[in-house]
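Look for subunit A in each of the two complexes below; its partner is subunit B in the first and subunit C in the second.
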Partner chain A sequence: MSDVARTTEVAAADSPAIVKPRKRARSTKAMIDRYSWYELVGIYAGMALFLFFVLAPFIEGFLVSLKPLGLLFSTPYSFLPVNGSFDAYFTMWQSVPALGMHIFNSFFISSVVTLIVVIIVVPASYAFARFQFPGNGLMLAGFLAVNMFSGAVLLIPLFRLMRTLGLLNTYWAMIVPGAAFLIPSSIFLLRTYMMRIPKELDEAAWVDGASRLYTLRRVILPLAMPGIVVVAIMTFIGAYAQQFIFALTFNSKTEFMPLPVGLFAFFGKQEVVWNELMAASFVGILPVMIVIIFLQRYLVAGLTAGAVKQ
Partner chain B sequence: MTSSRSAVIFALALLAPALLYILAIVAYPLVDTIILSFTNAALRPTYDFVGWANYQKIFGAGNFIDVIIRTFVWTFFSVAAKMVIGTMGATLLNSAIPGQTVFRILTMPPWIVPMAIGIFMWGWMYNGQFGMISGLLQNFGLIDGPWPFLAQGNSAFWATIVTDVWIGVPMVTIYLLAAMQSIPKDLYEAAWTDGAGRLYRFRRITLPLMVPAMLTMSLLSLIATFNSFDIIWILTQGGPSNQTTTMIIDTYKTAMGSRKYGEGAARAVVICIFVSLFCIVYFRAVRKLSQGEIK
Partner chain C sequence: MSQLSLKRLEKSFNEAKIIKGIDLDVTEGQFVVFVGPSGCGKSTLLRMIAGLEDVTEGEISISGKVVNDLPPVERGIAMVFQSYALYPHMTVYENIAFPLRVEKLPKAELDKRVQAAAKVLQLEPRLQHRPGQLSGGQRQRVAIGRAIVRQPKIFLFDEPLSNLDAALRSEMRIELMELHKRLGSTMIYVTHDQVEAMTMADKIVVLDAGLISQVGSPLELYHRPDNLFVAGFIGSPRMNFMNGTVTSSNGTSLVIDLGTLGTLDLPRSSKIGAGQSVTVGIRPEHLKLGAGDFTLAITPRIIEHLGIHTVLYANLPAGENFIGLFEGDPKVEEAVAVEIGFALDQVHLFDQAGLAVY
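Now for the complex of A and B:
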C-alpha cells in the first residue's frame, strides 16, 4: 500500500524532497544550484513576466468586479478601483436570478460526469493493466484515438442522437457526451497506475481461491484508491472547465444551464454589466481555485502520469 | 492468472461498459458524420443521398480554402507560442529558487477554471474603450486613441491566438516541467563536475532529453488548437467579416446556424482527415526517434 502510494508522491514531489535524504547528493546539489545574483534577478524577472501573462485576466477581472459601473465606463482608463466596493457581489444575485442555479448545475453536471467516468474506467483500466486478450493493444489505441476528435466535430450526429433519445434540454444532454470525451485519458492514466501494483498480489489472491471479481474488489481497488482519486479529480476539473459547447447546443433551458453558458447569455446582452459579470465569474471559479491549492500535487501527478511513462 | 478463456471473458466483461459507451457516443457519431456528409440532411427528418455534392460545393466556393489556410496559420502561431512560452515557463519553474511550489500553483488557473470564464475576462481586456490592454497602452502613450481589438479583423485574429495561448500554456508548462524533473540528476552533476556551464547543460542535456515530451505536447496542443471552439465563439463568433472563422467555427455555423447538417458534416469530415494526418506524422516521428535511440 504505502509503496504504491509513494510512487505518486514521488512523481509529484519537488526534486529537493527526493534528494534530501542523501547527504552527499545534497551538498553537490547545493553547489550546482547556486545562482549568481544576475541569474537570480533574471529568473525572478522572467517568472514575474510569465506569471503576469498567466494571471493578468484574473487580476483585471477581480479589479473590474470591484469597480462601480460609472468608473468602469469612464475614460481615461484607471487600473485600480478608485472607491471600489464589493457591491457587485451582492447585486448580481438580483441581476442574474438563476446564478445560484447555474453554479449548482455546474457542480451537479461535473459530479455526475465524474461518477460515470469512475464507474466505467476502473474495470476497463484493470482489464488493460492485467489481462492479455485478443485486440488488447488495438483497443487501447482506439480509446486513445477518441482524444483526436473534439465534441465540436461530432456535434451534428450527437445533436441528432440526443434528439432521437429525447435527451435534448435535459441534464443528460450535457452529461452523456461530456463523460464520453473524458473516459479515454482516464483509462490510460489509471491503467498506468494499476500496472505499478505488483502482479504477485493478484496471483496470491488467486492461489488462495479468490474469484477474479473478488480480487478486483478486495485487493486491487483499495490499492488503486490513490490513483482513482487522481482520476476523479482530473475528471471533475475537466468536466467543470469544459462545459460549454454541449451545454450551448444541446440545452436551451435556463434552469439546466451550467455557469459558463448561463453567464454567456448574460455576456451577450446589449448592456453588459461587467462588474457583476466578473463578480459572478469569480464566485464560479472560487471552488476550483480552492481545489488547486489543496490538491495541486494530485493534479501534477495526474497530468504527468503519461509524461513520465514516455 | 494465465490467459485462459475465462480470463479473456472476464477482461472483456470489464471492458464492455467503456467500449459500449465510446461506441455509442463517439464511434457511431463519427460514422454518422461520414454518412451525413454524402446527404442533404437538414432540419427536416428525411434526407437523400447526394453523392459528392457537398464536397464539390464547399471546395468549389473558394472561401473554404481560405478558411483552411486561416485555420493552419492560426494553429501554427498558437502552438508555436504555447511551446516556446511553455518551455520557458517550465525552465523557470525548474530552477532551484525559493517559492517554487507557490509559482507552480499560480501557473495553473487558466487550465483549471472554466474555459469560458477565462475567455469572458479576456473579452473585457480587449475592450477598446475601457479594457486593460487598450487602457494601459494609452496611459503609457503607446497608442493614440482607443483600440477595439476584437472589432478589427487583423487584431481580432491575433487577439484570439493570444487567448488560446493563454489557455494552453499552463498544461504545456506543467507537462514539460514534469519531463524536465524526470531527467536523472546524475547527468547534470556529471556535466557540472566536468565544468559545463548552466547554459551548456541546458542545451546539451535538458533540450535533447526533452524532445519526446515536446513532440507529444506539440501534438496534443496541435489537436486541441485545431479543434478550438470556445475561445473564438465567445470572443468574436468568427467575425469581424469572417476574419477569425476557423474550420471548426465554420462547421458550427453551417451546421447549427444554417442547419445544413449534410454540408456541415462534410466540413467536419475534412477536419477529421487533417487531424488523422497529424497523428500519422506524429507516430512516424516517434518511431523514428525511438529507433534512433536504440542504435
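Now for the complex of A and C:
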C-alpha cells in the first residue's frame, strides 16, 4: 500500500503539472495479487468449469428431488423441473417411516467413530512425533500398509471376527471396523502436525517440572487443535462414507441401519421412488454439513506464532 | 564452597564422543560463561547440567548432591532457551506462571511472584498479551521471567541473545548483568560470541572439541592465554600469528627466525631447542605505526574506518592474514606499504604443540 502511494508520489513529482495521480480501483492489493480483467475472467471461468464437473451430480440430484415421479421417465428428458415442488421432502417420511432413525444412526455411528479415533490418535501421534522407541518406524510403516487394503478386501475375515466376538447386528459391528480403518491415516496426519510444534516447548515444560501428560494436555493439545479438528472432520466424513459396506455386511437389523443402507427402502418391488430417494439423500448429508461448519471455527491458522524465533 | 561441580563428565551420542571429560567448579553467585565455536559441545554441556541430556560418564553435583539421575525440576535449576520456547497460546502472565501452576502454588502466592517478576523485567503493561504480539526483546524477558519465578539456585542460559539484533543485544546484555547483580544467583551462560563472554563473565570457560581449553577471568584469558586456540578465540579482531623457527636459546632469551620478516630476539627463560617450530602471536591492538622493538612492513588490502579505530587488513609474505588496529584516524592508504612495530613484552609465544611459553 505504501509502495503504491510512493510510486504515485514519485510519478507526480516527475511530471508535476501534467498528470494527476489517477485513482486505481485495485490499488489496495499488493502487486503480486493484482490481475488484469481478462486474467480474472479466465480464473473464474476455470473455477466455474471445475466446479460444474464436481457439482453436476449434486445439481441433477437436487433437481430430481423437486420433480414429480412421472416427469423423470418422460422423453425427451427434461432437466428442468417443470411444475416442481418440495413434496418429496414431506412424503418421504411417510414412505419410509424409519428414515429419521436411519439418519440418526448414521450420525451416531460417525460421531462415536470420530470420538474413538480422536481419543486414540492424539496420544499416539504425540508418541510418534516425540519419542524414539524401538520399532516406531516399523509400526508407522505397518499402519501405512493397513491403509493399502480397502475394507472390502477384508470383509470375510472381518465377518468371522465380528461373529466370534458376538458383535454382529449391533452398533459396534459398524463402529469398530470403521474406527480401525480410519486410525492409521489420522495418526500419520496428526503426527506430521505435531512434529511442527517446536520441541523446545516440551523441553521448557519439562525443565519447569511438568510431566509428559501435563505437557500434552496444557501445551501440545491447545497448539495441535487445528490439526485435531482436521483429523476429526476427515474421520467424520470418512466414517459417514464407509459405513455402507460394513452396515450391509455385518448388520441385518433395520433399527441399526445407517442412511446409505436405509435408502434401499425406496427401492420398491415395481419402481424406485427416485425423487424421494434424492430428497432423503440431501437431508441425510445435512448433519455432516452442520458438523463441519461447527468444527471449522476451530481451524485457526498461525496459532504457534511467537513460540520460538524462526 | 562450590555450588556446581562437574567431575570427569563425558557424553557420547552413539559412537561420537561430544564431551570428553570435563572438570569444573562453580562457586555460588558466579556468572560463568561457556564459550567456544559451533560444535564444541557447550550447549550439550549446559543441557546435561539442566537434565535434558543423560550423562554418559562422570558426575554432576549441585550443592554437594549428585544430581545425575534427577529430573530438572529437582536440581534447582531454571533454563532460558535460545529460541525462548514461550507457550504461544498463553498470555505473558500464564507463561510466567506456568512453573508455579505445575507446582500447584496457592493463587495469592502465585500472583505475588508473577507480579514481582514482571516488575523486575518491566513487563507489567504486557501481562495480558500473547507472545506473538511482543517484540524479540520482550519475548526474551518473558522467557527470563519464567525462569526467575521459580527462584532457582542456578540459572542456565543457552545463547539467549543470539536471535536479537545488535542494538537490542547490547541492551539485553546490560539488563542481564543488572539482573545478576540484583538476584545474586549463580548463572551459567552459553554463547559463541566472545564479546558477550568478555563483557558479562566473572569466569570464562573456553571449550574446544569437547574439552576445556582454559578457565579464567576475562582478562586472564586475554593477557595470558594458555594455548593457540584460546589466543585466537578471545579478542577481536583476532590475534595475528606468525610461524617461525627457534635458532638458539640461552635460558634468558630465544632467537626466532621469522623467515623474510626477520629475526625476533624474545626474552624467555624456556629452553626450546634450536630447530623447533613455534608460533609468535601479537594482538592487532598492540601494533603501533612506525618503528617498535620489532618492525615490519605491511601493505593494507582493505582499510576499515570506524572513527574511533582504523583497522588494516593485509597479508604477510607467507600468505597469512595480518590485522592491525590503530586508534583514531591515522594517515594510511590501501595498497601503500606502511611500517608498523610492536613491543616485545606484548608478544605471545606458542610451542610446537600450541601451548603458550611464558
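Assume the second predicted complex is superposed on the first by the 231 of 310 C-alpha atoms of A that agree within 3 Å, B and C clash if a C-alpha of one lies under 4 Å from a C-alpha of the other, contacts with A are read in each partner's own complex, and residues count from 1 in each chain.
Here is the rule we use: a contact is a pair of C-beta atoms (placed from the backbone, for glycine too) under 8 Å apart; a residue touches a chain by one contact, two chains touch by 3 or more.
Please read these numbers as outputs of a predicted model, since none were measured by experiment.
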Item to check | First, second, both or neither for A:198, with subunit B first and subunit C second | outcome: second
Checklist entry - Which of the two partners, first being subunit B and second being subunit C, lies in contact with A:206: first, second, both, or neither? => result both
Next on the checklist: Between subunit B and subunit C, whom does A:55 touch in the aligned arrangement: first, second, both, or neither?
Outcome noted: first
Checklist entry - In the superposed arrangement, does A:239 touch subunit B (first), subunit C (second), both or neither? => result neither
Checklist entry - Is A:158 contacted by the first partner subunit B, the second partner subunit C, both or neither? => result first
Next on the checklist: Contacts for A:182 in the overlay, against subunit B (first) and subunit C (second): which applies, first, second, both or neither?
Outcome noted: neither
Item to check | First (subunit B), second (subunit C), both or neither touched by A:139 | outcome: first
Checklist entry - Which one hits more subunit A residues, subunit B or subunit C? => result B
Checklist outcome for this item: subunit A positions within both the subunit B interface and the subunit C interface are 203, 206, 303-304, 306-308
Checklist entry - Which subunit A residues qualify as touching subunit C in the complex? => result 198, 200-201, 203-210, 214, 218-219, 222-223, 302-309
Checklist entry - Which bits of subunit C are touching subunit A when the two form their complex? => result 50-52, 71-73, 77-79, 81, 83-89, 98-99, 102-103, 130-134, 136, 139, 146, 150, 163
Checklist outcome for this item: subunit B residues touching subunit A in their complex are 1, 3, 6-8, 10-12, 14-15, 17-19, 21-22, 25-26, 28-30, 32-33, 36, 85, 88-89, 92-93, 95-97, 100-101, 103-118, 120-125, 129-132, 134-136, 138-139, 146, 166, 169-171, 174-175, 178-179, 181-182, 185, 188-189, 192, 198, 212-213, 216, 220, 223-224, 227, 229-230, 233-234, 248, 251-252, 255-256, 261, 264-265, 268, 271-272, 275-276, 279
Checklist entry - Contact residues on subunit A for subunit B in the complex? => result 11, 14-16, 19, 25, 28-29, 31-33, 35, 39-40, 43-44, 46-47, 50-51, 53-58, 60-61, 64, 72-79, 106, 119-121, 123-124, 126-128, 130-134, 139, 142-143, 145-150, 152-161, 176-177, 179-181, 183-184, 187, 199, 202-203, 206, 212-213, 216, 237, 240-245, 248-249, 259-261, 263-264, 267, 274, 277-278, 281, 284-285, 288-289, 291-293, 296, 299-300, 303-304, 306-308, 310
